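Which chain is which? They are A, B, C, D and E, in the order written, and residues in each are numbered from 1.
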């Protein structure tokens, strides 16, 4: 029962090798790439320019950037949706009674004893799976 | 051009009829479907008498009952509803309508559950088959071509024998793959024609290909090789439908499991789709490749004939015997086609008709006997002639028809094929090859006579526990009609052979050069 | 800025109306949700009706715009909005049509499906929000916009998959979807950052311009970026190797959500992929001639082959219909990828158009198939193939519809799937991509096998004694039947939409 | 003006009508369809005689007739042959028409006694079969081209099948019917190739050219072959000579099958399972003659190929001897007759092969009469014996059924070749022709003829022996069973035909008493003149089926010439004496062995040869082995191959796919960490392939 | 003297791969989410660095959006982890493996 992060003792190091391999490839590619010297920013307030860029007021920005107004509006929607979704998921029903789980039909599932749920959380009748 | 011609009427009647039959109660679905199917028979019979086509549909001949409607614009290509008949498709259309009606009548006895679905599907199949034989736009043709599979799948799967599910899915997947392969081949040709072609109109494509020099490279493949590849792919695809050795194994399973009327349609009409397509596509559009590879193609034909017949010889199940012999019979068509002679083409086409009738007759007769005995195994029945004299009489007649008895349609067809193939300048060592192919007529006699001796004659006995009596009239009536047709066509092949010749002769008009041999 | 739509001089943002309709609907649903007196008291009818209307509106307006020529060469030409952050052209409208129609079907079907469930307002809100994101993806023309709109479609989807909070399958599906999604979005955003590193821009046309220079482009960095971006989209389209979420999410999710994700979300993923790769990277991929800098065409070819193979082969041996459909959905992603793979063809618009048409038809047939699953879940008859045995005796209409879906998915001429699949095959032939063609044939055959297993169960097998269907939920039925009708009608009426697809596709190739 | 020739098609059409009437209405007729058959065959006989008279010039000037009447398949394109049905009437045709319709009529009448009076069921089917057979046979006879001949050749085969298998409820007849059809089908296979080849080579199958006002409008294929030979053309890569030989040999396949020549003779003894009238009509007098008739019909073609002639002669001579030896040990009446039939047709082949055209036709004629007689006589005995055919159960029937005995004796004398019965004259001429041509022809051809002659001569002895063994066992001595003591009486419908034929067997030889004619100088070789034609020049040269033409060809092309080692008259007499004395020797041996009250089997004296003969030289065995020991296992093997390999591949692909699928789905382990690992790995892989290796760096 | 941009790339790659490593080796759902955050931030490093490299602010601005998104993602993520715990009594991501193959 993990209720809080602990130092993991069952770490799967073998999988980790994939990450190392990825790093090796990426590192190789990056270090062999030819990149010129940084151009650096033009003079002016970076923060203000960021603000202008966010609202598509590019003509007022000191440092050039693309407009991000659409992204800005959309990110608002994203946060909205995330909030809604998170609340929906997190909310605890007052009523702890079990709602019929629609995806599991009323008939026994074949071939998978462990499917469905424990007796107290699901209505599934997992007896006698036929194949 | 008139839009509502007789072909449209045929399609409409069968489709609407199918719908009506689906909704009809089981009790009279069979009668209703039969009644509906009489309309196509009448219409197609009228069409036969009013037939005014001339020449080959794909090579600029005059089409009968032609109509064209724009359908879909797909990228650069224009798809159209384009139908019409020539001397090749008219007899096949007639075969379809007649055989469907007879098959429907022969269903009355064996089909006793889910009848409205059965008869509805049969009519759907008829509609698709009519489409296959009349469509002249490749894509529309393909729609009908594939649409045939769907009713067939259900007809075998629902009403078939013990292994019906296996047979149905095998038939389904096998022929579907074949279609896809063939499709790639044809599309490669269309793309090879490049800008000169902006439709899928088969006549246009065929004429562009035969004009020569219109092909250009596709994806780096040079025109000569392109046509060889296209030919190979299309041949492989159609060969499954025919079927040609070694892609025939779906057929016996499908036949054995299918209920009798479905076997009748399968052997009688569906197999002809394959040879019809071979004739229309491979041998019309890519004649030069076919000629260059005649040796290989004829080898497949001869192999199918002999091998199919040998397999038939080893079978115990009457239906299986007829099924394998269908492979053999269709092999003759291949040999006839590849001969590139007037009688070769004509005989091959005539064989499609005649085999359609005769194999339909054979299957129906076996079905009639099965209806009474509930077995088809050679060892289980003997002396059935004692109890069902008329059915057995027709069986004997049908069997001799199958063996190629003169004055029955089969002899005319096979003789013409042999005549055409013998004189072929395309087939290497044509006389010898023809002679080998002809040996099929001996083997076919062997297994049919053997089967008849064992089942029909001798002392009466039956392994299954059924009381055998004379077959009901509505079982025998279709047999009589078919037998009559077989004899009429055998005595007077010209009834359809005239128009067939008229349509196939243009195929030989121009000599084409430059076909690449596979090796 | 003013554009001419059907003779009216209107502001250019009008072209965005379909997406706006969806966005506004989503907001309305949130409002309904927040003003309801107690959670769950809002009328199901109002919610479902509102969302269906919104989706339908988006669909109709987008379709109407397509007819009018908005965003297309014969009409206004592509409408650039917000300095190229968004673009409304034939392709975007085409995909909004797909998204809108699928969403409408899904919300219609959900009316019955959600009966008695809590959080209905949230459900519809999230669906429409995700749909908004998808419609924006269709129009997004900058990597930034693409990323955020992609997330707008993803985040609600995670929640939707886990919507059945008490159902372990649903939650597990949601979790896997979330985790794989999170991983994928970080890969995507990392890829975007590398593309930015190579080009200095996020706006697609600017990226293309920057990369067209050639010599000074750090090809290695760009290559890593492109591959990562590709994989980011692979997640959205449920393509190998980022498809792992799909079988579980589709299986666990409520069936309408599965329908939604496997049809609309996939289509949206494809439109983004099409747009990014064909607007920003054509020269990099060598489409303009010459050697490719980063051969993403071949990469996509490999992914397409592997995707269709993995999807179909795994689907072939499933026991549960829904999971089979999930895998088949992966397989179809592989088919649609042909649009980006067989680009060696002389007529590239043909290839891409075929892919787009396939996604359109797929939208209807696959949605229909999953909604049929929703129906069976509603009936509670079980999920395995055997559970469907003899279902046609109880529900012939629904089974007939399902047959249409499955056979159309398999590419038989009973629905538009026939033509679209053959067109994809033709595209491979034209491009000479024999590998793709062969893979398509093999997989198509295999798919016919497993699709017909369902058909066989429904029509051929005998029903078990206890099979009983006691209700015929009208809206679910309506959705299934409409989907079936459209699937079927797309066979003869394929030509109504295909010119739009081919035109829109051709435009992308200049 | 409607002459006889306009009614020739009706000769076949009448029995065809009888077929239809018997089949559908026979069961409502008092004689179950026999009426229709008798009327029709009587009509055919009348028309045939009228035709023959017309040909002979009795009803006007002598003439022949050759017209195409029906276009079966019209070849539209260039190079597409047109296939027609037509009528050719020349002396040969006319003669054969009379024979066939006469015997058909008699057999129909006889059947009233054999079938109707015996209370058989299924008689409409029987008479329908007879009617169809008669129609087909007659149409075959007047066919004017090879294809038409083939078509009716096949139809008579069908009728043979149906009639042999008439008693289908028993096991034997259906099996025999199958064998008969199958074996002849095997021969017909070659025949069909020959037909196709002839049409492909010459574009026509006409036996004789069609003339119009003295000019040829359609050439015949023997003529075209002749021209090709003269012009040194080549066909299909072969010289004309070789190709003609090939075609001739192919057609010969059908002949050998139908005329029951070695090695395809095995079906005929089995065919005796059929009703005896059927045996008489089909398996003795007419259908079996079809093969020989065909060779005679296209004799102008065979004369172009000495090789083919030699083969024909050898087959004929060998078969004559071979079958005769087997006839020696048979115990059943009809079996003896069956082998005798095979043997006699061997003589005809011998004659044809060795240039004895007239002799062959002569023997064909006489044999038709006396063999039909013998079979009908046997039928009469069988009726009397309650369908017991074993000669060892008979004996002493002479006194109880005198009509049968005397007519049978007449037939037997004819068969044995005892002067002056019909068989003597014809058989003698056959042997004589073979002899003189054997001496006269050059090179190996002459040697072959002599070999064939020797075999034929030897067979004469056996013929005399088995014939009279049969007569003695059946009619002489004491009755050996109760049935034989009290045989069932037979009616007029049996005796009538027997009488007609019995007189015929005694007298028909008079039509061509060549030796007498040669000795006396009287022109009584009527058949020779009949075939030669009424005038000195024979038939118009254009007809090309006349004897005159054949004689030219024999001399010019085949190199067959007569030579008389002992002088013409002496040779003739010696030849006749030798064959007659051999025949008499055979008769006497039979008499000494079997003409006693209680004859016993002497076959044991043959030692090892007995087994061989009883088993028919194991001909059946090896053919059955070919069918069941070779073909069936081969078919089974093919079936195994098909199920296992061809279909196995199909099923294997499916299994492999599903197995692959079941492995692929294991990738989806359900553990999200594994997914992440796989995603990472594939990312690495893609990066390596498309960035590092792909030239990106 | 600005630092070579390549080293920023290397750094971001390192951070990215550490994130991947975390995902691959740890089973705790929350750790999984944290690792994803690391990967997102690796992208941010790139964006900011190349913003400077190219001399435009596009990357910088975009990095802000990335962060916002990360937050949204975590919100949903936490929600799902919550229901996961309620259903499986655990937040071990490998435990929720009832659906497979």
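In the analysis below, contacts are C-beta pairs under 8 Å (C-beta built on N, C-alpha and C of every residue); 3 or more make two chains touch, one makes a residue touch a chain.
This is a predicted model, so every value here is computed, not measured.
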Walk from chain A over to chain B along touching chains and report the minimum step count. 2
Using the touch definition from the top, how many steps at minimum link chain C to chain E? 1
Considering only mean CA positions as chain centres, point out the chain farthest from chain E. D
Between chain pairs A-D and B-C, which one is joined by a greater number of C-beta pairs in contact? B-C
Closest chain to the overall C-alpha centroid, by per-chain C-alpha centroid: which is it? B
Cα-centroid distance, chain C relative to chain D, in whole angstrom: 78
Which integer distance in Å separates the CA centroid of chain B from that of chain D? 37
Need the CA-centroid distance for the pair chain A / chain E, whole Å please. 8
How many angstrom lie between the CA centroids of chain A and chain C, rounded to a whole number? 20
Chain D residues touching 2+ other chains are 654, 665, 668, 670, 672-673, 676-677, 680, 683, 687, 691, 696-697
Counting only residues that touch at least two other chains, what does the list for chain A look like? 12, 15, 18-19, 22, 26, 29-30, 32-33, 35, 66, 68, 71, 75, 78, 81-82, 85-89, 115-117, 121
Counting only residues that touch at least two other chains, what does the list for chain E look like? 5, 9, 16, 20, 23-25, 27, 53-54, 56, 58, 61-62, 65, 69, 72-73, 76, 79-80, 83, 87, 93, 96-100
Considering every pair of chains, which are in touch? A-C, A-D, A-E, B-C, B-D, C-D, C-E, D-E
Parts of chain B lying in touch with chain C, wherever the complex brings them together: 71-76, 79, 139, 142-144, 146-147, 149-150, 153-154, 157-158, 164-165, 168-169, 172-173, 176-177, 180-181, 183-184, 187-188, 190-191, 218-221
Listed in rising order, chain A residues that touch chain D in their complex are 12, 15, 18-19, 21-22, 25-26, 28-29, 32-33
Please name which positions on chain D make contact with chain A in the complex. 673-674, 676-677, 680-681, 683-684, 687-688, 691-692, 696-697
Chain D to chain C touching residues, read off their complex: 654, 657-658, 660-662, 664-665, 667-668, 670, 672, 675-676, 678-679, 682-683, 686-687, 689-691, 694-697
Considering the complex alone, what residue numbers of chain A touch chain C? 26, 29-30, 32-36, 56, 58, 66-71, 74-75, 77-78, 80-82, 84-89, 91, 93, 98-111, 115-117, 121-122, 130-131
